[in-house]
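Below, each structure is written out as structure tokens.
Two complexes follow with chain A in common, the first pairing it with chain B and the second with chain C.
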Partner chain A sequence: MRNQPVNIQYPSSPLTEESSTQNGGDTPVTGGGGGPSNIHPLPEKLNSPHHKGGWVRGHQKDGGSYDKLMPKYITAGAFARARAAEVSTMLKAVRKVTSSCQLFASLPNHMRRRAMSHNTKRYPRRLRDMANRLREKSLQACSKKKEQTKRQSRKARRRHGNLLLEFNRRQRKNVWLETHIWHAKRFHMVKKWGYCLGDRPTYKCYRPCYRAMSNHCLLQDLSYYCCIELQGEEDKLLASLSQMTSKEAGPTFAAALCISGRRQGSVVLYRAGHYPSQPLGPVTFLWRPRVHGSTHRQLWIWAHPTIKQDLLPELQSVCQCCEAVVPPVVPLVTPAEVIPTPEPERRPENTPEAMQIHRTKRKRNCKDASGPPAKKILGDGKRSPSTPVTWRSNSTGIVINDLTMEIVRYRLIGPQSHSVLAETLEAATDCDPSTLWWPEHCKDESKMNLHRQQVDIFNILKDIYSSGELPSGTVLGLTVDDPRLTLPTKRVKALPCVKQLHMSLMLMLVIQAHAMCLCCVFLSEVDEEKRRELMLRGVPELCCQSFLWERSIRDNVTDNKISEQELNRMRSEVLVPGSRLSPTPLQGRVPILLVHQPGKQVGHEMNSWGAGWDLLLPKGWGMAFWVPLVYRGVRIGGLNMSLKHSQNKASPHFPHDYPDCPAGIRFQEEQEAELLDKFKRRPPAKRTNYIKHGCLAPFRCPWQQLAEEWELITREGREERKRDSQTQTKTGADTVTEVEMTSHPDITVTKPPSRFAVLRNRKSLRLLSGWCRPTTSKGQRPCRVGEVPPLDSSAATSFLTEHGMSLVWVRLSLLSKEDLRLLSNKSDCSSPQEPPHKNHFNSRLKCRKKGSKKLATTSSSDKTEGSGSDLPSASEPNLTSVEDAKSSSETPTDLIFGLWPDPLPSITSHCSRVTLGWVTQGDFSLSAGCGEALGFISVAGLISTLLNQPMEHRGTLLLRNPTSLSYRFAKINIEV
Partner chain B sequence: MTEPRNPGMSSVPQTAPVHTDSTSQAVEMDPVEYTLRKRLPRKLPKRRNDVYVNMKTDFRAQLARCQKLLEGGGHREICVHGLGLAINRAINIALQLQASSQGALQLAANTSTVELVDDLEPEDPDEAGEPMTRTRNNSAIHIKVFYPDPQ
Partner chain C sequence: MVRLKARYLLCEINVSDRNHLLRLTDTSISAAVKTTVARIHGDYGRALCSIGFSVKYLNAHTGTVFLRFPKRCYKLLWSALPFITSIETHGQTIPCFLNCVHVGGTIRTCQKFLIRYNTQQLRRMLPKCKNEEEKQQIRKAILNCSLTQGNKEAYDDELESEEDEEE
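On to the complex of A and B.
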């Protein structure tokens, strides 16, 4: 009804007239059998009352062509019946007014009035009745709806039990971390990977967070990382796990230091036996130290939640653990939240009924209960009780446990993170025997000995000035008191406690003459010796043991946690308000694990930037440790900051920088959909025209196509080289050398079946890194001269046969002004420009708007091929900083203004400079003080570029934003 | 082994016999099988009037910073520290400060030895190798730049 002409009249007079004209002049296309198929003939009729020739549909101008289809005769009866039916539908369509909106819309513009539906008297009188009726109807509907959704009062909603019910309902879809409510008040939350995670704080703190990372401490909740526990004989575990790793890519699970349990290791996992291809993703792992020389070992693998769905089946197949242990059968290994137990402090099932019962019960006997029952969901609330979490193998005896959300993991980043820890945590004190786990342990002298050693080491930590001084990956087990007991009244900034030795140095510098300072030096000699030992050797193996590894103790600690309310009650009973609780409550002993996180390890600048500690806690204790940590003056970061952290650390971030992993591919798709959506939300006139900028795929990186094209180029280049001698002509000015490039019209046709892979072979990476580094940086690399063979065509060929389809992860830093001056030997150096491309799709878009023809997709590729091939392409590639992804729903014919339609032409030769790869993350780096970008480059492309560059300018590339035409010089760094 | 010129002023206790054996080990090792990673030198607590000189920051900027501390910052004295390669620059900065003050500033230099730690990560394929740490010493200079007391 919307497309009705404005001059239509509703009373039935025109209809009758209409029907008469129909009967007279019209001839149906299909004789009488057509029936009342066409619902909207009326407007068209009125639009074109002079169409005598035929029954014209749509807006076609040349309606005369229907003449051929005219029937020879008409059966009067059938014809009249069909007309009658059509007339009746028309009448119905005209009379029926579905809502007031349509009533309003039926009026011509000049008769519409403001607030017509509110005051029906503003309607013309003939419509007033209908408007009144509609208004009544809508009012009724409104009141009915109101009754349905009557909410509880705010007071009732905020009541503790109801609030918990509401929270539990909201956690059903996306799991909440234990610090969720704290975060939700302060962060922009995103729903990712099945969790609700804080993305970035609502307040402005980008730079403060960076400063915290480089000077003090930044805290993150990483509890969403999944922990998978493997138990079994050491050699069997190693044998099965070694299928998923390769020693070429760095130390594996079997590395001597890691397997002793003294260090945390990290490794990239692959599908079993597929090493260079099909990676799953990076994981970190931690072995439990050996207990009395037994070969039964325990291993924790910490993985990102997006890896877990691929990793778990793979682990099961590798360990032959196909037998799922149903949770009720083995209650020991089931997480606590799935079995309702008689203990009062166990969390009951989170069904509303259970909640209700519990609430009433609590009201009745709130006096005799030891504390209010913990109803909060601890652990993975999304998992159904029947889902197996344990798999056992009969042949190998390996047991796999899924410990997702069982262990809380906090990450402290920054040089002062250990002093924050040292101030927050206090080693557990002895206590009287009782049934709880810690008093039991107090009786055992050997365990207490161990505890004392661990405490000693923990105390030495306070003497260390920066977290980066420790050996990377050090593990320290510890048992601490409840940190809520020592909560400061105000937020304070934890600073390193300057011990005598350091003071003595300072003193000596200031008061030179005083020789008495020397005695302090000798006093602290013993401490100093211990500190040296810790710095050089790390924590001894014995002290890496922690009771956190034991499930029973974990559960015991979780169940017996004193609630906040109980603690406050105890505090209020203290004689001097604000003083510490004198006998520490028995329940307040928590086993923890401290794991050192290495900082920046590669490269020569900003070494060990971003080092810190991970704090591992039993579940349920999250907030009890979180608030005390926050009170020590740390900054809190979200997902966004962890991305920046790894970017500054020059380490690949998962899943952004793993395009060959399934999780990375998924991430790219999501990102493309998101970016495309954002792009489409802009008005077309305000969108960036990526076609004109020569940016083929602004929202995704077609890595596969890139690798294939470079593979082809190198193959052709090799053949050509065989035919004639090398035709390299060096242009005089800068590093621009011309390369013989042939056009590849059949690039999309010949597809090698192999998939691209990211190069992770340490040896090859080291070789490549040596090749693309022309200037020696002050002798930083030992024995470099002997190590790296010179880059020549034979070495390149042998390298490429091995890694032809590989991409390599690189760091690019933009050159500063001085570097540029050195590069060009001129005072003023302008970076090259990309000539604007022509948008061949513009005309086609226009054509389509007219609605005339379908698009032919074939013509696009050959056009650009032609223009690309006759351009002399320089050796300097362009790297468009692309932040990528792709929507699969798009049909190839679906044109969006400013974007290339789907079958992309040749990527490498599309721009005036050859494309080597794309940047995945790029920003101004606060740590380097210049623009830095992380991205991937085709190995074949890189080597052919390096071969054509003069020695002193090797490793200089060009970089271009997708939204700009000017290139910038960048230096390539491959760091191993 | 660099002995500090003034043993009474040395800050780091000399525990040479402990780590000489580790350095001799390091000499014997096969260079191909280990990756060398240097740890940062130990940081010391820093007051407002301490200036740690490095080779990355522009010389003039570091000099200006020292001048600001002495003139605008209201400090009677500052300490300029330099380690290894930066010793030259630290001396240079101190002398420049003195020269620009027309003799009002005085210098008092101390040297010390700083122990540095290197990590050696094994690269061997059978992964039996223990990562080693070795210590080596580097010289450092601490220059006090101060206005002498009027009396």
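On to the complex of A and C.
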């Protein structure tokens, strides 16, 4: 209790003497006047320490040792002093309030006053001093707290300069795209790959976005894609790059159409010389068209940000570019200054770097306001100015430039994307000579000729019916006016010009004179010819040239951009409000590059679905083009729309569908952690029991284990067959099933060092695709490749020796009811069911709970996701349960109810149907009108399944959700 | 609100040799009380002791003790106190007896009584002094225990130091 006198007694142990002194055991008074040392006339060293505060517990056996501490005699004085000390302590205890509450509460009720602690004069006089002191103390504490959390007023925070500072600060961790603010107001933002990206809009627009993709146009900001520029001699570039690609997996960097610069190409890159293992990921590339026949070429490689960290060192080693060019310290570039001389070695980061310096300076003397005003960060704000972005090789002369965030890339998806572009962009107009880059170019006749040709083609482009009609990957360079000048006052929907033209023609035919009509028809015929030319051949090589390739011009354009504020001021000065600015401002010419994006290229239906254009812009111009595009009635999509786009397009989406790439592995781990976290957030009783559903790894797909197990199965099957061929008893197909029934491979038996790989060999894929297609199938054209060798055991064996450890990427579509009827021919179309599994870990979990009350919830196990479904083959005979064998596995480190603990048992034979692979993403496909899924299947498993299936049912598999027990029939498609 | 009521007994411990007094501890006293109550009143009394009984304060110099008993049964327990003849501490038995000076409902009243009692004792001592030195000492002690300015200051200082600790 507070303020109560403590016991005064001798300590039970002499050792505590020293420590007890400072407590002054004899109640607080001892500190004041009397002092404990005066109580006894004994030597002080005995006296003072003996006043021990607190309770003394325990019995001391050797009581004899106390005698020397004890006083030998007693006097009246000591007696009196002891009494006096006690009295004073008691006095104090009596006078002081024992309750722990404040001064206020110590007053009796009838003396309490309103707002007493605010106005201390309302206290009785005797308490006023104390109240004052308390009040001061509380005020001090308050002010301290206020100082810490003091915030500027909202008005001050929203002031332009301060807002910019704040934005710049927030960009330091994750890079913002130029359209960030626009997106942040409308999208759920996610921090991914070092960028802030819009994931999905906050409004409901799943179907409208799909409709936009298939009917009109969907816009995406893809500026987060990294561009790496390679410069050097053509043959040297090709020689070094060819180590990273293989012709077997499709056209490479050296493809004739691509190398001329007329088309954009795409390849899957591998680590140098490691094909077919160790892929890095898919990239798209673009060659700059040759300039006057020189062999010095420029190549842009566009890669996903997650590939970049692996790709850049690989490129450096391949090109032997280890020498980093140290960025020079550049003086401030005033915006009006022109740098017409091409300096290939100039740092691209000039401006942001300078801006960063500004920013820090500004921060330092923000109160003086003497520093230059903060500037908007353009480009990569995260990179420190000293990081090299250019590497040069002395031996090969190749220069690698990291152009990340230097070029803005917008993607327009949909058949009407060209009309949106045509309506938004307007070819650059001539203007008076000046020091800016465009007027300079206007003087040069050859450059103007080129510009005129490009404009012609751009005008023809308006007339085509759909963006998908053009050859895929077509490139068109162009110089356009500032699109902000032609911004409509209202949001309009861009419509194709083709219909308008025809309508006007009809009208003319009806109304106007005959000769006039002829002229029109003639004109339109000329146009028709040009259009056909464009659709068949694409853009001629000359017109693919763009000034966007030149860094100096890019920087010039970025630096000289008219600010929005300036533009608005000029608009307000126009005589007729709302009319167009008559002399277009000199700075408003922007070189751009239009790159055609191919749509669906594989499969038979919905060809060229999702085709569109990519718009490449110099940095800084992002918002200037974004808003005009949005005003043309496009829909805006986020990351999840690009996933849906590639899913509908039946093309693999980058980090999701590349499980063998380092980025894909990283993605899987992230997804696993995320899904496990989500799973654990549910109360245990409401979680799905994946063990009972027979789903071994619901949050992750153990591809490596799958590939290894199937390799083992096929190897054993081969040995068996050899033995059988000697005894001459069974056919090959029978033995295979037999083997699968009997062999329950233990995972620990073999650990081949080789990693699984995704099959990307075009020839093999074509072969597989032919095999898994039934010969008599409704609504399918006969195979394009006529001479597919029939599938038999020998062909399969030779195929498997080549691709034993491979996975193949497949598309699965669920069968409709009619298909099912055809399939079974009988009245019962019911799909098979998986018998519920038993949870052997239940008892162990219970035991653990009893033993220690703690649940292993904090465990960071790596069991995670898999939007995966099991794909056991349809025609396999049921396998006996093999769980008893493996329930005796080692003690798992952590048990989560409903999830298998870590060493997983055999995957293939876990369920009643043999597992072939997992689905990575699946959904109802709006384009196909049925459920569709994309996933990977073990090649070995697929072939052994196909061998056992009758000819007409080939390629039919079973598909099961991880949360359900019923299997569904699905058709497998391998499209090349 | 229900209040748990208790009675506080202010007792003097009387010993033949005053040096023995300094050996006393609170645990030893409570043990002695408990054993005596058990001896006198049997298990029932021992059980009563186990609930609300405690030694609230002990001054080994003056031999004052505050004993807390539950109000319900304090008379019963009190009746056992005269039977305490010795207290065992540190392996030694100290022959003594307890003299109950005051019974109070709160510690506060006991403290107030103790103040009065002590001053009274000091005043009684004063005329019985044998030499001048002792007289002086006792006078000083009496002055010390009355409320003076010095004491007040000490009190305030203490308050301040407490506040500092809180920070």
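The criterion applied here is as follows: the second predicted complex is superposed on the first by the 688 of 976 C-alpha atoms of A that agree within 3 Å, B and C clash if a C-alpha of one lies under 4 Å from a C-alpha of the other, contacts with A are read in each partner's own complex, and residues count from 1 in each chain.
Throughout what follows, a contact is a pair of C-beta atoms (placed from the backbone, for glycine too) under 8 Å apart; a residue touches a chain by one contact, two chains touch by 3 or more.
It should be emphasised that the depicted structure is a prediction, and the values quoted were computed from it without experimental measurement.
Undergrad: Thinking of the overlay built on chain A, is A:679 touched by chain B (first), by chain C (second), by both, or by neither?
TA: After superposition on chain A, A:679 lies in contact with neither partner.
Undergrad: Looking at A:90 after the superposition, I want to know if it touches chain B, chain C, both of them or none. Which is it: first, second, both, neither?
TA: second
Undergrad: With both complexes superposed on chain A, which partner does A:468 reach: first (chain B), second (chain C), both or neither?
TA: After superposing on A, A:468 lies in contact with chain B but is clear of chain C.
Undergrad: One more residue to check, A:167. First (chain B), second (chain C), both or neither?
TA: After superposition on chain A, A:167 lies in contact with neither partner.
Undergrad: Which of the two partners, first being chain B and second being chain C, lies in contact with A:82: first, second, both, or neither?
TA: A:82 contacts chain C only, not chain B.
Undergrad: Answer with first, second, both or neither: which of chain B and chain C does A:415 touch in the superposed model?
TA: first
Undergrad: Show me the residue ranges of chain A that touch chain B in the complex, using the header's touch definition.
TA: So the residues of chain A in touch with chain B come to 247, 251-252, 254-257, 415, 465-466, 468-469, 471-472, 496, 498, 502, 504-506, 508-510, 512, 515, 518, 521, 525, 528-529, 532, 535-537, 601, 605, 607-608, 762, 782-783, 787, 976.
Undergrad: Using the touch definition from the top, list the residues of chain B that touch chain A in their complex.
TA: 8-9, 11, 13, 15, 18, 31-32, 35-40, 42-45, 47, 56, 77, 79, 108, 110, 117, 119, 121-123, 125, 127-131, 133, 135, 142, 144
Undergrad: So in the complex, the part of chain A that touches chain C is made up of which residues?
TA: Contact set of chain A toward chain C: 4-10, 12, 28-29, 31-34, 39, 55-63, 66, 70-72, 74-77, 79-88, 90-96, 98, 130, 133, 137.
Undergrad: Can you name the residues of chain C that touch chain A in the complex?
TA: The touching residues are 18-19, 22-27, 57-62, 64, 89-92, 107-108, 111-112, 114-115, 118-119, 121-122, 125, 129-130, 133-134, 137-138, 140-142, 144-145, 147, 150-151, 153-155, 157-159, 163, 167.
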